[in-house]
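Structure first, commentary second.
Going in written order, the chains are labelled A, B, C, D and E, and every chain counts its residues from 1.
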Amino acid sequence: MIYRGEDIIIRTISRMLIPFIQLYGLYVIMHGHYSPGGGFQGGVILGASLILLLLAYGYQDAKSRVPEKLLTVFSGVGVFIYAGTGFLCLVLLGNFLDYAMLAKILHTDAAHARSLGILSVEIGVGMAVMAVMVSIFLDISTGGVLPGEEEEKQKTAEEA
Amino acid sequence: MKFFGFLITLLTGAVLIYGTLDMPAYGDPDSPASRHVSPRYIEMTEIETATPNMVTSILADYRGYDTMGETTVIFTAGMSCIFLLRKRKS
Amino acid sequence: MTVPIDLVLQIFIIVCAVASIVVKDLLSAAMILGAYSFFMCIMWAQMGAVDVAFTEASVSAGIGTILFVAAVMKTTRRSKD
Amino acid sequence: MEVTLLVQAADESFTILEKARVRAVDLMNTAAKLTSETRWMEEKRVRAIFRGARESRAGLQNFVVTFVILFVFWALLSGKYDAFHLSLGVICTGVVAWMGHELIFHNVRAGDMRVIAWRFLKYIPWLFHEIVVSNFHVARLVLSPRLPIDPNLIRYRTKLESDTSMVTLANSITLTPGTITIAIENGEFIVHALDRKVADDLNAGAMEDQVAHIFMEADHIYIQDVLDVARIFAALR
Amino acid sequence: MIELVIAKYNYWIYVILMMIGFYAMIVKTNLVKKIIGMNIFQTAIILFYISTAYKMGGATLPIMTDAQAHGHEAVLVDGVINPLPHVLMLTAIVVMVATLGVALAIVIHIYRRYNTLNEDEILKVMK
């Protein structure tokens, strides 16, 4: 399903729109405190921008921007940021995910430390959701065999 | 089979509609759901977390453990998609 | 007599749900499900759950429809019922 | 006396001619260099629009301009101007601009961007004027009781080259009432026109010239003309 | 009677939606149709939860205004929609899409092996 599209208009317009979509996704993550939004929604918007890139340009041309190994790493790192924030509170003699303890290293009062803890957690959720959504889309739309992998396999077989 | 399934569906629907007769009315401010835990959250969220959006503060702070499990669920879903479909090169 | 917007939205939602079940073409069913999700999103925004509405609009009506379309393209469009 | 004057005049004219010749050769050399440059750009575009843009020499300027545009977008969205949120904005905008500066502007030479932006700003009122004029035309067509429409598809070969200019022209055609771009195939526009007059307006090519002027395209066609003339000139000499 | 209908008709509509999804999950033989039914079922339940959070009589969104945030005004519990069901259902929606992805992956796997999406034919081949 993911092949290079031939329509110049769609390719050019999506090329110009993608940075704005990504910035909007980051805005939704960062301003989850003041307006509707947060890690899940922003992560999904970021993932949607990458999916648009894949659909408009095809996997072959876009794979330098969406490397599938990095997606797996990112989904792990997102969960790690979440759990790591909780564990940091544990190290600072608090309960697990008790962000008020972060005030000791951030030099603020407890309420603002909690706010910053929420922000870091949201960033972790956003990374995980973005990576997982793009990864699921890649798996489902290609059926598991990424385009271009087949030829490489044949090449290595011939060399062997 | 089709008729049987329809019958089961109707039966379930009838039981559920009978159950709704004891529910509080739609939009009732005194319903048990909004009397029990949430007043504490609504009153204290600004003082304790400095976050005006209550949904975010409850999601990531008061019930952060819940959300962490949920992030793990998403991670697991991604991994299981990879294990189900992807054919490795080796 | 004014028709409450609730009722109109609920009728739309039920029509969309029935249509996505009844339609034989799987691609059409997926697209109608996207429309269903979007009406659901409007309904939640009307109930005051803006966060949930935003999530539904981006997650379910966006990524869910894309996943359905990708899967239908990968397998088959036809369905017997 | 007159003979010496004549010889002097001839000498002077020769020196002037010599200078003019040197200058012409210089100009042509520059023109040839420019042509090879544009040809290089053309080859680059053909090779890989997407990955090839990485080698763009104008990387830094593209990055800065993208950063400024995206930061304005962020400031419009955010509405919170304290130090914390502004620094968050700088970080986010930096990440997005670093990942995507080749996406918004690719294949734009370093010196060209200001010119393109200025010409594009001047293009917008012209386009608006065109839209208003054709709006009245289409309104008259639709409101007249005989309904004298003559819808037809026209194929329209363009002299534009880059993707950006072609898309600008296609969207301008779609924006003006009465015409819609259906597809672009190998540099050929397929346009649905509502009326003979609208189609004739399109074929006259005023809009295309404007768009070519914005993106400084089709310039090297003229340089090619100059080079051809130079070849004839050399043969004559 | 009229009062009962006005107070409860929302719940009945959710029950009808849930019945549609349940019917699709039980009766339809196409696997993608079953997944669509599951999606409708889940949305009906989420809708029910969200509706319990709603408060009639001018309750505002669960996002504080500037005046409330700086302590000029007290926060009235009855004046704010209950945010707790929103939080629970927000996570439920994202889990819904994750399960949808896994279900579609399984469907693609089944199609690759049996070359059909019809449940009856798959069962016949399996026997």
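The rule is simple: a contact is a pair of C-beta atoms (placed from the backbone, for glycine too) under 8 Å apart; a residue touches a chain by one contact, two chains touch by 3 or more.
In this text the structure is predicted, and so the values were computed from the model without any measurement.
**Student:** Please identify each chain that touches subunit D as well as subunit E.
**Tutor:** Looking at subunit E and subunit D together, the chains touching each of them are A.
**Student:** Of all chains present, which has the mean Cα position farthest from that of subunit A?
**Tutor:** In terms of C-alpha centroids, the chain at the greatest distance from subunit A is D.
**Student:** Compared with subunit C, which chain's mean CA position is the farthest off?
**Tutor:** D
**Student:** Is the C-beta contact count larger for A-B or for A-D?
**Tutor:** A-B
**Student:** Among all chains, which one's averaged Cα position is nearest the averaged Cα position of every protein chain shown?
**Tutor:** A
**Student:** Using Cα averages as centroids, what's the distance between subunit C and subunit D in whole Å?
**Tutor:** Chain centres of subunit C and subunit D, defined by C-alpha means, are spaced 43 Å apart.
**Student:** Subunit A to subunit E: how many Å between their CA centres?
**Tutor:** 25
**Student:** Between subunit B and subunit D, what distance separates the C-alpha centroids? Give it in angstrom.
**Tutor:** 54
**Student:** What positions in subunit D touch 2 or more of the other chains?
**Tutor:** Touching at least two other chains: none.
**Student:** Which positions in subunit E are in touch with at least two other chains?
**Tutor:** 10, 16, 23, 51, 53-54, 59, 62-63, 86, 90, 94, 97-98, 101, 104-105, 108
**Student:** Using the touch definition from the top, which residues of subunit A touch two or more other chains?
**Tutor:** Residues 34-36, 38, 40, 129, 132-133, 136, 139-140, 143.
**Student:** Can you list the subunit B residues touching subunit E in their complex?
**Tutor:** The touching residues are 1-2, 5-6, 8-10, 12-13, 16-17, 20-21, 23, 25-29, 31, 33-34, 37-39, 41-43, 46, 52-55, 58-59, 63, 66-67, 70, 73-74, 77-78, 80-81, 84-85.
**Student:** Given the complex with subunit D, which residues does subunit A contribute to the contact?
**Tutor:** Of all residues in subunit A, those touching subunit D are 7-9, 11-13, 15-16, 18-20, 22-24, 26-27, 30-31, 34, 57, 61-62, 64-65.
**Student:** Across the complex, what residues on subunit E touch subunit A?
**Tutor:** Its residues touching subunit A are 63, 90, 94, 97-98, 101, 104-105, 108, 112.
**Student:** Across the complex, what residues on subunit E touch subunit B?
**Tutor:** Residues in contact with subunit B: 4, 7-12, 15-16, 18-19, 22-23, 26-27, 51-57, 59, 62-65, 68-69, 75, 77-78, 80, 82-87, 90-91, 94-95, 98-99, 101-102, 105-106, 108-109.
**Student:** Show which residues of subunit D lie in contact with subunit A when the two form their complex.
**Tutor:** For this pair, the touching residues of subunit D are 48, 50-51, 66, 70, 73-74, 77-78, 80, 85, 88, 92-93, 95-97, 99-101, 103-104, 106, 163-164, 166-167, 170-171, 181, 183-184.
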